[in-house]
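Alright, structures below, take your time with them.
In the two complexes that follow, chain A is the common piece, with chain B as its partner first and chain C second.
And now, the complex of A and B:
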């Protein structure tokens, strides 16, 4: 009995002593988030609900992804956007427009424009996994089961000079993000509203982004079905696939 | 007395001719310069009304605030209902919907901002006279994926008739959208700011391209009397407010922002220049008249010593001035009218200068400056010549009349 109590005390002490040592740094947390969200391969069916004022526009798409750098999406709904395809390779992006049977590279000024009329910009879709390269990250604290991280740009050419990210301590899913301009003005707010478990790993299936520069606007991104680590046909992530 | 005056004029032919000639020259310059300035100003107003502002336009109230950015999301949704309200106004003679949208065209590794306008081709003959401005090919037709492009823009982009241009832009909801448009024809309004930056496509295709089914960005209205446009604009605005509560705004050509202010400013500057010319011309007349009376002091002294009364002396001198004034002004006005007529029909071609300036001027001025040939201006110039001739003769006439005959005879 005495021995057990001693053991408990030792364990407690050990935990208390070790805990600060395993305290993760901000960068560790972001790394963990990245690895958590990155799969060898993934296939999604998703829809975007774009709310502007009283209006809602729905867009549906099928997406394929490999690692963090490659993705391919094709819109299936509405009729107007059917057949519009996006290809992302690293930090480059192409778009295919079926109405003119042409693909265009999205670069320069276009990157900051709205993607399919949503609150997301093309840049938002591209740079999400480059945080470690572009920002110095510090752990600002913990709040309601989340790590709160402060990100400040260390390179010049970024749209959002500062970010605040809330990361769930158990699932390592970013639950809330705030994007700021250099002036300190809050530009966009993203929230994760639903997280689902897929084979022991967690993935956000409903997120909402509000672009505060647009009046009364928000975009819900909802994954309606997801398959992870499934084989993806070779040639999916090529420019040729855009025009096919 | 008239006989004496006439005889006096005819006696010294050289002096009369010289005086007359300078008056005539002054009147001529005043007439043709004014014709020319009026022509340029009218052309600018006319272009601006026919091509951009109309007499009255209906716009979304949000659009008005950011018109330069061509915000498609601030459009007129209930296009036909709104148009019918405008049509119900008895002073409105013509209405048509338009969509203006910005496009960035790839051009020599640069983005060239270009203005696209969705038009109803059939109605353009009533407003911009696009049908008469076609220099190659034909006008676009509704329902066809084709465009009419400014000749200079086509040349800059290296496009030929029958080529297909892919236009990539954003819809009213922010999606990227594109359409292949065949060049059916090229136009030249002779206005650099339009010919270098504009293309037209059928309105229905613009609606399709920009996801604006049944909507337009502006309703273009012509009224019976363009000077009453502000009133008509207010009337239509009031009826729209009743139904849509401030969603739409009406603007008459007089209150369409910077262009109008610009043109008013230009008008004032030209007005100033004209006044200067008028002043110089009148001064010339004044000077010549004064000299010619002064020269004849001795003659006046003789007349007085022969028993002519002061009033009669003055009367004769003024009558002489009037006669010379009428004849010289008539000659001057005729010459001025001749030059004005030439400038009105032939015009001055400034294409080379505009080309050299490479579109730095964005006012809707034509390449070819034409004068306005108006009998009003000519008649005014004629009257002005007479008025100043007589006016200029008053001080020397007064002086002569008051002179003692002995003194007058002694002078010079």
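And now, the complex of A and C:
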């Protein structure tokens, strides 16, 4: 009797199309992460809170992005930073400083420098390619509702040679990331503190980055509004817009 | 004044989007002249940034500034024509057409890739740029037409409009991006005094940021003189930045005995020697503090300036700078000229600054 009941359950599941649970590979997980974090186009308003000991500095910006290769950001607050703009096209970045009325190409290892005094470097802001394109992935296990993955660079030009990533099993958003140099030194730790849903997509709207090369500092990146797959005004990702 | 009047009356113009900002800066200087005597001066500068987008095709920008100088002793510290009056350092209208942007009025025209020296940037020349890097260069009366030809390419036409148009500077520059490099070429006519052709590039090689700028100058006195810069920058993993720039000045002298001091002090020449080197180090100590140390060396007479600088952001819109310009060299060198020749009376002095800047 019990066997017949069990057989009936299995048949029903098959008819209903519910397959038994299949273990996801590391690549499958990162593929879902990349799917969440990449988009055709986006428009953000965001703020950075830069903590230095007991002091905090707030910076606000408006950003536009198209795919992984184009982005444009303009800082709107505070007054001393208002009008500073960044343009990213592929692997190149330019900065416009209103105080000198000139655009400057940020090249070479100058990209290691801090962006606007935050714990994010220009390299962090430039990162665009999908994780799957840059890293070999292995699934290290599961912990507290997250997949734990080890990523090792498979191409030369990556900012961090190794990463350890905790990916939420429900939203497929990285909740924690440890970023390592080739020497094995832990350089930065990133944590996601808030995730929101935008039309079926999950996206981190509050992240905290700690640069371990600096004492007692962290930067919170908070997206205050976001629109995905919206038309971006033509001419946005141009040098003309940078200097206008 | 016309543009300022327009800006002030624009609230009554429907749809005008106004932008108001600026800064106030107080700069306390202590100058130790070559006799060892200390001189104290205090410079106050208020600069307003007023902008208005009248329509999507037209905007205006006006930047009046007022500078006053309080000093313990009468010294020609600043250009007297620039202090104790309101100066409209920027006053221009911008017209945005689909095919081009046109800028008319007192503006900044920034050509070239050099950080310290810009052989191709002849419209807003400036000496010792690194010493007051955050300062704006003086505006010039010009008409400028920028024609974009792609995301990173375009043509730039400039005509200086002060004075006789047949004698003023006019230039054309084409720029583009190929691979990981920005390139541009330019031609500038000096009116009756000659012309120059220029080239510049900036990009990356093996992790080094690199830049170069070359100008070949043809004047009534000299044909085919070359000025050029080559610069490199690198940032280490710990955040230490190093920047080097070499300047070849074909109009300069290979020996200090031949320096043209008259042309230098009259402003006709900006540099005396044949070659210079700049070396700079910078390090962000934390998110709101930076230390810099720079050296500017005259490679001919071996005089040099050391420029240590400390910056701290005291509050969101308040910045503190503590700096010094320390001069070294034998008497008669460029940075320590013969006092009898120096009309300013203070070249070769060491200077110490404390600057407080409030942005709004």
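The rule we apply is simple: the second predicted complex is superposed on the first by the 215 of 244 C-alpha atoms of A that agree within 3 Å, B and C clash if a C-alpha of one lies under 4 Å from a C-alpha of the other, contacts with A are read in each partner's own complex, and residues count from 1 in each chain.
The working rule: a residue touches a chain if its C-beta (ideal position, glycine included) is under 8 Å from a C-beta of that chain, and two chains touch if they have at least 3 such contacts.
Predicted, not measured: the structure shown is a model, and the values here were computed from it.
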Fit or clash - chain C, chain B, common chain A: clash
Which of chain B and chain C A:92 touches, first, second, both or neither: second
Which superposed partner A:181 touches (first chain B, second chain C, both, neither): second
Most chain A residues touched (candidates chain B, chain C): C
Partner chain(s) touched by A:126 [first = chain B, second = chain C, both, neither]: neither
First, second, both or neither for A:100, with chain B first and chain C second: both
Touched partner set for A:114, first chain B, second chain C, both or neither: both
Which superposed partner A:79 touches (first chain B, second chain C, both, neither): second
Which of chain B and chain C A:244 touches, first, second, both or neither: second
Contact residues common to both interfaces of chain A (with chain B and with chain C): 50, 52, 57, 80, 99-100, 102, 108-110, 113-114, 117-118
Chain A - residues contacting chain B, complex: 50, 52, 57, 80-81, 84, 95, 97, 99-100, 102, 104, 108-110, 113-114, 116-118
Interface residues, chain A side, partner chain C - complex: 50, 52, 55, 57-58, 78-80, 82, 89, 91-92, 99-102, 105-114, 117-119, 181, 213-215, 217, 219, 235, 237-240, 244
Chain C residues touching chain A - in the complex, by the definition given at the top: 21, 23, 94, 96, 101, 108, 110, 113, 133-134, 136-137, 146, 148, 150-152, 154, 177, 180, 182, 202-205, 207-210, 233-239, 241, 284, 286-288, 313, 316-317, 319, 357, 359-360
In the complex with chain A, residue positions of chain B that touch it: 73, 104, 111, 166, 168, 170-171, 173-180, 211
